[in-house]
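Look at the two complexes coming up: chain A is in both, with chain B in one and chain C in the other.
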Partner chain A sequence: MSRKRVEQILALASICFLFAAWFAGGVRSKGEILEQIKNISSQIQGVTQIRPQVFEGYRRGNPSEKLYIGIAGHPSYGGLLQVAIVVNSNQTIERVALLQDTDTGTYITKVLGNGVLDAFLGHKTSQFPQVDAVSGATLTSTAMIKGVEKAAASIHGSFQPKEKDAFSKEEVVKAAATLGLFLTAVFISSRFFRWNKKYARLGLLGVSTVILGGLYGAQFSLSSFVLLLSGGWTKGLGSYTSLICLILALLFFFTTRKNLYCAMICPFGGVQEGLGRITRCSPPRKREWMKWSARLFTLFAMGMALYFRNASNATYEPFGMVFSFIGSDALFALTILILLASLFVRRPWCTLFCPVTCVFDFLAFVRSWVPFNREPWNEGRKKEVAS
Partner chain B sequence: MFPGSTMLNYIFWMMMGALQVLIVMGLVELLKSHGRKIVWWQVSLIYLGFAVFCSVIAGGTTLMGEYETIAGWYFIGVLGLPVVICLAILARLFVMKKKSA
Partner chain C sequence: MRFKLNFILILFVLFAGLCGYELNANLMASARNTTQSVRYVRSIENPGTANPKADGKDNADQNSPGQTPGIDLDEILKHTDLDG
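Entry: the complex of A and B
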């Protein structure tokens, strides 16, 4: 059996593994809601569903004292964030719990640590307190606050389930800026660009690092791939910029047959390349076992994220730490090591560890299965002009 | 640092100072032996860079000594990285260049 055949079998097995993880995750999450409600408080017994998103129970030892549990979700950065509130017959909130989150753990810990959910305890559902979002975790805090308000409204029966979140002006600007970066990358890589391509590429990389990385913090990661695959984005997102960036990267990858994102746009790649240019270092020598280890790890992370229905489980890249200083202590240590290594080898993360590179390698390999051998989009035109 | 002793503290810090001079001047001599021409203000920059790097390590380890280990590591990481990058830029400007004729 040839090497290519083995790799084709492994590629198909990877797709089957991801599908199996997604399917198993669906089976696991069925019936989860009632279990989660029972775990909110040991005082609640006899839980039954009375309306969509509304459950009724009674206090332990006092069946006449009714308790109402409302569940609602609001789009957060990584997908739908779901909260549950327990309201007594006096319409006072007794408990608030986070049922499902898809954001990075650090954001959740930061928001919960600032008492965003605890602020609602003891208040009546008709008199909500003014709770401010936590700086640096605005989307997550807003999702929790809105989730509690929606849950209270659903208990009252006044909740309109088909609420559509409109695109804000800021999101439109971000999307336009992302599209502009990709179109510039296409132009630079095309035959119509008559100037120095090397410096143009570096210039675009620098601009992208500042805009996409520093200003917007909208670099896509492996969790964005999982979000796209699992369909979590259909339930609404707090910000669509990273998803738009991913879709554009894939679109231009398939149409131009070039990985323009990694070469010209990736902000973290830009940081590494900038550091590498200080010392003029060479790229690291990538062995086969390094390549396959990274691919296996990527596959495992994606599988776990699909199984647990939490895209942020697939996040282990240092992007958030570099541009937003968000992440665990281990991620901080990894980020410092990678940045220091960038002074000695060129783009160490991109070459050796990046899961996005592994996914693009996979897509390039699968694309090569297409029966007709298509050349890059501008190569054919070059030959036409030459003849 | 040395409880029960009056002289050891002074001797320790004198030795630390002497070691720093040896390290920096040793680096200068090493560069000279490789044919680099080092002027006085470049030596001052090397001293400054080394002093800043030592300060960052000292600050971080002081925090660790005050039982703030995580803060100490973050201090070293957040401040040490820009210092190392600046030292790399200086090395690129003054060391990693074509030898003077």
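Entry: the complex of A and C
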């Protein structure tokens, strides 16, 4: 069996693995709501659903004391964030709970640690306290605050679930800037660009590092791929910029047959390349087993994230740490290691372990199967085999 | 040349180790949340601002009322001979 045939079988097997993980995740999450309510408090008994997102029960040992459980979600950075509140017959919030989130754990810990959810305890649903968003985790804290407000409105029967969260003006500006970066990349890589392509590429990389990385913190990662595949974005997102960036990267990858994102736009690639230019180091030579190990790692991370229906599970890249200074100790160590290594080998993370590179490698391989979009090298090889 | 090859090898192993550690932490947190089914619960009797625990370390039983050991200063003073 030829090497190409083996690779084709492995590619199909990985697609099957991802589909199986997604399907198993769907089976796992069935009937989760009632189980979650049971776990919010052992004091609540006789839970029945009275309206969409609203449940009624009574306090243990006192059936006359009614308790109402409202569940609501609001788009956060990584997808829908779902909270629940337990309200007694005096309309006082007795319990608050975080049921589901798809944000990076560090953000959630920061917001909960600042007592954003706890601030609602003891307040009446008609008199909410003024709760401020936590700096550095604004989208997550806003999602929690809005979630509690929506849950209370659901209990009162005044919440309209069909209401859509409108695209903010800021989001439109971010999307336009991202599109502008991609169009510039297309122009630079085209034959119509008559100036020095090397410096133009480096210039665009620098601009993109400042805009996408520094200002917007909107670099897409493996979790964005998972979010796109799992359909989690259909429930709403706090910010669509990284998803739009991913869609544009895929669109231009398939139409121009060039990975413009990694070469000219990736902000973390820009940081590494900038450091590498100081010492004029060469790229590392990657061995075959390293390439396959990184691919296997990426596939496993995507599969698990699809199974748990949590895109942030697949986040092990240091992008958040580099541009927002948020992440675990391991990511901090990884960031320092990459930045130091960038002085000795060019783009060490991109070449050795970046999951985005692995996904684009996979897509390039799959693209070569499409009859009207074959790679020139593949055509040449096909002719050789035929002759 | 040999030094560079070894350097890249060590770098790759460190990348894999740190990323593996991070991925494992993410998956363990998700598995724990699945088992407990609720990630974070606080009640009016036991608000968590003094000792917040996130990442699924809490469950409903830990927050049920009457389980928090407290210090009643009045009770202590009643049984204490303050005059020596």
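Here is the rule we go by: the second predicted complex is superposed on the first by the 371 of 387 C-alpha atoms of A that agree within 3 Å, B and C clash if a C-alpha of one lies under 4 Å from a C-alpha of the other, contacts with A are read in each partner's own complex, and residues count from 1 in each chain.
In the analysis below, a contact is a pair of C-beta atoms (placed from the backbone, for glycine too) under 8 Å apart; a residue touches a chain by one contact, two chains touch by 3 or more.
A quick note: this is a predicted structure, and the numbers were derived from the prediction, not measured.
Enquirer: Going by the contact rule set out at the top, does A:345 touch chain B (first), chain C (second), both, or neither?
Expert: second
Enquirer: Touching A:97, do we find chain B (first), chain C (second), both, or neither?
Expert: second
Enquirer: As a test of reading the superposition: which chain, chain B or chain C, is in touch with more residues of chain A?
Expert: C
Enquirer: Once the shared chain is lined up, is A:202 touching chain B (first), chain C (second), both, or neither of them?
Expert: neither
Enquirer: In the superposed arrangement, which partner chain does A:333 touch: chain B (first), chain C (second), both, or neither?
Expert: In the superposition, A:333 touches chain B and chain C alike.
Enquirer: Identify the partner contact of A:285: answer first if only chain B is touched, second if only chain C is, both if each is, neither if none is.
Expert: second
Enquirer: Once the two structures are superposed, pull the chain A residues common to the chain B and chain C interfaces.
Expert: Shared contact residues on chain A (touching chain B in one complex, chain C in the other): 333.
Enquirer: Okay, in this complex, where on chain A does chain B touch?
Expert: Residues 275, 278-280, 329, 332-333, 336, 339-340, 343 of chain A touch chain B in their complex.
Enquirer: Across the complex, what residues on chain C touch chain A?
Expert: 4-5, 7-8, 11-12, 14-16, 18-23, 25-27, 29-31, 34, 36-44, 47-49, 52, 54-55, 59-61, 63-65
Enquirer: What does chain A use to touch chain C in their complex?
Expert: Chain A residues touching chain C: 28, 32, 35-36, 39-43, 84, 92-101, 105, 108-109, 112-113, 115, 117-118, 121-122, 284-286, 290, 293, 297, 300-301, 304, 308, 310, 312-316, 328, 330-331, 333-334, 337-338, 341, 344-345, 348-349, 352-353.
Enquirer: Taking the touch rule as given, give the residues of chain B at its contact with chain A in the complex, in rising order.
Expert: 70, 73-74, 77, 80-81, 84-85, 88-89, 91-92, 96
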